[in-house]
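A, B, C and D are the chain letters, set down in written order, and residue numbers restart from 1 in every chain.
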Amino acid sequence: MKQHFDIVIVGGGIIGCAIGYYLAKENTSVAVLESQSIGGKSTGAAAGMLGAHSEYKEFKQLYPFARSSQLLYQELYDEIKELTGIDFEMKRGGLLKLAFSASEKEEMASIYKLPAIEWLNREEAKEKVSTLTTSIIGAAFLKEDVHVTPIAVCNGFSTGAQTLGAEIFEYTNVSEITKQDSQYKIKTSRGDFTAAQVVIASGVWSNYFFQNMGLTNRIIPVKGECIAAMNEEIPLKHSIFHDQHYIVPRNNGQLIIGATKKWNDWNEKPTLEGIESVIKKAKEMIPAIKDMKMTNCWAGLRPQTFDGNPFIGEHPEMKGIYFAAGHQRNGILLAPATGKMVRDLLLGNPVDKKWIEAFKVERSISKSTELEEVKL
Amino acid sequence: MKQHFDIVIVGGGIIGCAIGYYLAKENTSVAVLESQSIGGKSTGAAAGMLGAHSEYKEFKQLYPFARSSQLLYQELYDEIKELTGIDFEMKRGGLLKLAFSASEKEEMASIYKLPAIEWLNREEAKEKVSTLTTSIIGAAFLKEDVHVTPIAVCNGFSTGAQTLGAEIFEYTNVSEITKQDSQYKIKTSRGDFTAAQVVIASGVWSNYFFQNMGLTNRIIPVKGECIAAMNEEIPLKHSIFHDQHYIVPRNNGQLIIGATKKWNDWNEKPTLEGIESVIKKAKEMIPAIKDMKMTNCWAGLRPQTFDGNPFIGEHPEMKGIYFAAGHQRNGILLAPATGKMVRDLLLGNPVDKKWIEAFKVERSISKSTELEEVKL
Amino acid sequence: MKQHFDIVIVGGGIIGCAIGYYLAKENTSVAVLESQSIGGKSTGAAAGMLGAHSEYKEFKQLYPFARSSQLLYQELYDEIKELTGIDFEMKRGGLLKLAFSASEKEEMASIYKLPAIEWLNREEAKEKVSTLTTSIIGAAFLKEDVHVTPIAVCNGFSTGAQTLGAEIFEYTNVSEITKQDSQYKIKTSRGDFTAAQVVIASGVWSNYFFQNMGLTNRIIPVKGECIAAMNEEIPLKHSIFHDQHYIVPRNNGQLIIGATKKWNDWNEKPTLEGIESVIKKAKEMIPAIKDMKMTNCWAGLRPQTFDGNPFIGEHPEMKGIYFAAGHQRNGILLAPATGKMVRDLLLGNPVDKKWIEAFKVERSISKSTELEEVKL
Amino acid sequence: MKQHFDIVIVGGGIIGCAIGYYLAKENTSVAVLESQSIGGKSTGAAAGMLGAHSEYKEFKQLYPFARSSQLLYQELYDEIKELTGIDFEMKRGGLLKLAFSASEKEEMASIYKLPAIEWLNREEAKEKVSTLTTSIIGAAFLKEDVHVTPIAVCNGFSTGAQTLGAEIFEYTNVSEITKQDSQYKIKTSRGDFTAAQVVIASGVWSNYFFQNMGLTNRIIPVKGECIAAMNEEIPLKHSIFHDQHYIVPRNNGQLIIGATKKWNDWNEKPTLEGIESVIKKAKEMIPAIKDMKMTNCWAGLRPQTFDGNPFIGEHPEMKGIYFAAGHQRNGILLAPATGKMVRDLLLGNPVDKKWIEAFKVERSISKSTELEEVKL
């Protein structure tokens, strides 16, 4: 088994696989090492909204990055389908962000000036989705906040990367990374790998590598619980969003309903209370949803940073070590832009200064202890 | 394929399988015809409490029958294990029926004089189950209301019956039963069967045969929705019961939590609202349950009759046609006694007059139209 | 609950739902009654190939009908997506029908003259699918034998029909259909329905209605067993076909591998031997498949008629009763054309005489007893 | 959250949980840290045979240890049931080890002198299991090689330990263990723990800790693939064993059929070829098994050492660090004895010298490189 690569990526979630894909397209020698199975952690739990606008307020300076990633999905869709046969189900209905009060409407004021956003009053909103609660005063219609099936995107990246020459190693846990001569040695459960450059893309578990390599950065899990329901009667063609809860229609007629936010909870299974609360919230948005048939439930851990921006950049001291983790509630959206940015960093291509600055690893060193106080 | 039997049973839920088992023990020639798969309908959805006492009030004159069935389980357990290797997991912790108020305590007054019942005040109850809500004033401890795993009992009966010579035909839907000379012809999806005696044990779907054979009896579905949760921390050794909701510990550490009651709802899938409401009720009994991990959810249809008693007896005109259906919320409990009683009816053995009277098919002919008004 | 409709369809597989959809588009008053749940039987088990050409030899005079249905899928795809939000995943890679010997190549001679067919020699075939066995001499490339996800098509039809005003009743078993004045009474587990016209679309279970209404037609189940495997490394963009076995790539990267043929076997669960044999066959086509990860297995019953053509037409005596069943291994392919043809029959629109003749119910009356001798 | 304990156990498989249980019984302050969820790895994949005799030849000097563990299960069964309500389903039918030839009979000669072993000729064997192949010449009947449900034992240990005061932390990955003053610091994904004594019970993943703490010991995964089938007709009351393949009946009527042996394969999912081969093997033992219904399939990694004995003992230099890993195909059987032995080592109780010697960590230091040549 060949165990030397120019570049080794640690973590096979959507971030690691996107990076692998963009690097494989450049004919680099690249491997992804995944502790369990591809896309099985946070990525597999996600709803898949590409919410560049719905999360606009939270994004702040991140918005252009998010928007560029959203646009990348357009070309990726055909590219991945052509290359791998995988159709990651880009659903184009857009998203309705509900306002139950004048103040909620106002809160969204900042996004109305953005492209492809339209304010709908109650009647207009109910014309789009007749089953919406009558308690709203209206909704912002975010036409381009489409959504995808996250695990399919992740499989698309990983199969695509393999087709282009990358190697994927599942069930390969990385336990240590050390400098060895001019390269890095990556200790894993199935033996040592070596590489000149290493990218840590291990989601919330990247903490370990920060520590292991002398950094105080921290990523906190924000657990989210979801359910799926079979939508037999009411075709829903738009995602519905309110107060960070949502109802998202999948291609097969299922609805994904989520999600709770449990700060610093590492347990990856859904609790009774969590399920109860997402049902309650969904009923507030679409009362008739109460009669739908429940088919599944699960949970995942969002990788949260102290300021809401991911860490994307090189280790301040260990040249050749890169991080790409901490995409919190928007890792599906941000995966293509992250993949591209990391490719450019590694290959020495130009990268937008603003983004380098916003995401750099060393920014949090002094502040990371305050993370627990940040309002999410 | 042999398709003549002395006795054919229509329906392979716990009732049909129990009858098949008791008849096979007498060396009769017997077959069970099941439309889908063994135990896949109401039986597979049940919690498995043997609640002879917890449902005492509802039982009225049925109590001695229920109690005799509960006692039959004792010997059955070893018998089935010996014969088939199947252990249907008789769990002996008994049941705590909670009282949140003096009036609830009073309502249970009738059962205190019964064998094996004990009143526990709040402290005593919490000694047994430390996680109980403090809102109760106490609980009746029904020591002998143990429970079983319903699908395992049903498989035990069906495998046991086969071992003793009976035949089980799955995926065999019975569409019509007609007199043919001195016997009955049973039309099915896989061809015709003939038999001298036929037992209809088709749960809530027995309606069709009542109609098909000129009777106006009706059975109404009362849909029940349940969830399973993994009980990782708090060993629960007793079932908890209140207001027809319950938390039942299984052998493997899981808790079964149920159940809603939806009158005349034929849909066999759980709704979001149903799941929400069983979680809410469970939290009222054991608040800490909110943190348990949800693993599954499902629904089933309880076969309800106008007076709460099952129909067990011969067709008033068509000699040789028997019914055994309508066991509503207690079919698991009542299966052994029903199996034995039907065996005795078919073989001409003596049967307690009171039970014949209470369960006879013709009792409801005049009253069945009122069924929908009955308070359940 | 409204229980009178102009048209009632019995059976909610793909055939019943397609008919419901085409009728709902004409603003008729129509209901679909389904004994269990929508698409849960043969339809849910299918691979989803639209094999108008791969099954050409078997089709004989059916080919133009099959081909027209295949072409209907093109417009349906966008129509259903627009109407319901459901994307039934039309996968356009086409199909490679392998030849392991000169005689197998010859057997396919008849199809080379058809549109969109190309003969590939071994090298050309392996260029398309590099993992193909080297034992083949070549393959016919059937470009337009694309495939769909059957349950999604079925849900698309049923949700679409509802959106257009039809009603779908799940868990509603039809037990009898009788003439009542100028209309039909349809007895079901949830009460009686009435309709002027009734369509029996109950797949292999239509047998009962033939008998119930005085016909000797018979449909025989041909059980098929399948597995799903995760295709992590080798993107497969074409379906592979040989000797009625196949490997079909789904959009999400999974492969569907099937299927056995078990004559007159009613059991709907896969056996160990069946699974073993589909794996063996798949390895003959793509040896490297042996290392793929198995994720699921299941079985379904193909509704087979004595001459391989479905029964589509009116009851010879009971005017207003129609049949649409017996689509054997091609019901997914044939669903749109069947839906359209039944719509036209019911609404009195013109229908191609050849098809009326080929599918008429009375054709088999004299021959149905020979069914068991037919080579499948 | 309290994160200091006297003893920390790394790994929540059956070995870690057994140790936690025996230590909790002694009122120690103990925690189990599990990277994923309790029993989810090798333990959850096991069949559960307690094969002290069936694996006699392989055991060599390990036999008395294995036998003592088998006997411990007797008392554990009631103890765990009483304490936690969990019934881990001890099935007492014993095991038939088949001989297809005189030489295979001979190979088993060594075990006939052991307690509770009986040689059965073909007729006697078929009297016990009428469906056995006629190709055997006979079978050794190992009456006391009963079996259990591994995940239930593991949950029993973990719930029991918690009931007695231990703490279990799921989703807590241990990344490093370092000496810190007079105790050890255990770095995990959810923060640091400290403890005076640490036990590594991480199955095949213990490799990392050997390396991390300067040892060259190695554990190799031997992947095993299994299936479950529903045994509807043939009650099987004994396990059947041949050539390290087996058919094991569970309490609920299911059969567990296994298992392949794939040296150094880290992938935890079953392959098509693996499934095919276990079916083939099972048919050789019980031909009629071919018609049983397949319900599930999975894989797990057996932790294999160079000489077949587990490593149980203290780190040669780092006092207070213990290992308990490498139980290969017999970890379920050996869990109680291992739990007890580790408890005694930690608490300074006397332990049998022979076992200390046979299992000590330093024995392999010089030989571990040869591991790959060992015949398994």
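Quick notes
Here is the rule we use: a contact is a pair of C-beta atoms (placed from the backbone, for glycine too) under 8 Å apart; a residue touches a chain by one contact, two chains touch by 3 or more.
Since this is a predicted model, take the numbers as computed values, not measurements.
Chains that touch both subunit A and subunit B are the following: C, D. Chains that touch both subunit C and subunit D are the following: A, B.
Chain centre most remote from that of subunit A: B (centre = mean of CA atoms). Between the chain pairs B-C and B-D, more C-beta pairs are in contact across B-D. Distance from the subunit B centre to the subunit D centre is 38 Å, each centre being the mean of its Cα atoms. Across the assembly, subunit C contributes 170, 267, 269 as residues in contact with two or more other chains.
Only residues 38, 83-87, 89, 91, 93, 149, 151-152, 155-156, 158-159, 162-163, 168, 170, 231-233, 235-237, 249, 251-253 of subunit C touch subunit A when the two sit together in their complex. Every residue of subunit C that touches subunit D in the complex is listed here, in rising order: 227, 229-230, 257, 267, 269-273, 275-276, 279-280, 282-283, 289-294, 297.
Across the complex, subunit A is touched by residues 36-37, 170-173, 175-176, 187, 189-190, 204-205, 207-208, 211-212, 266-269 of subunit D.
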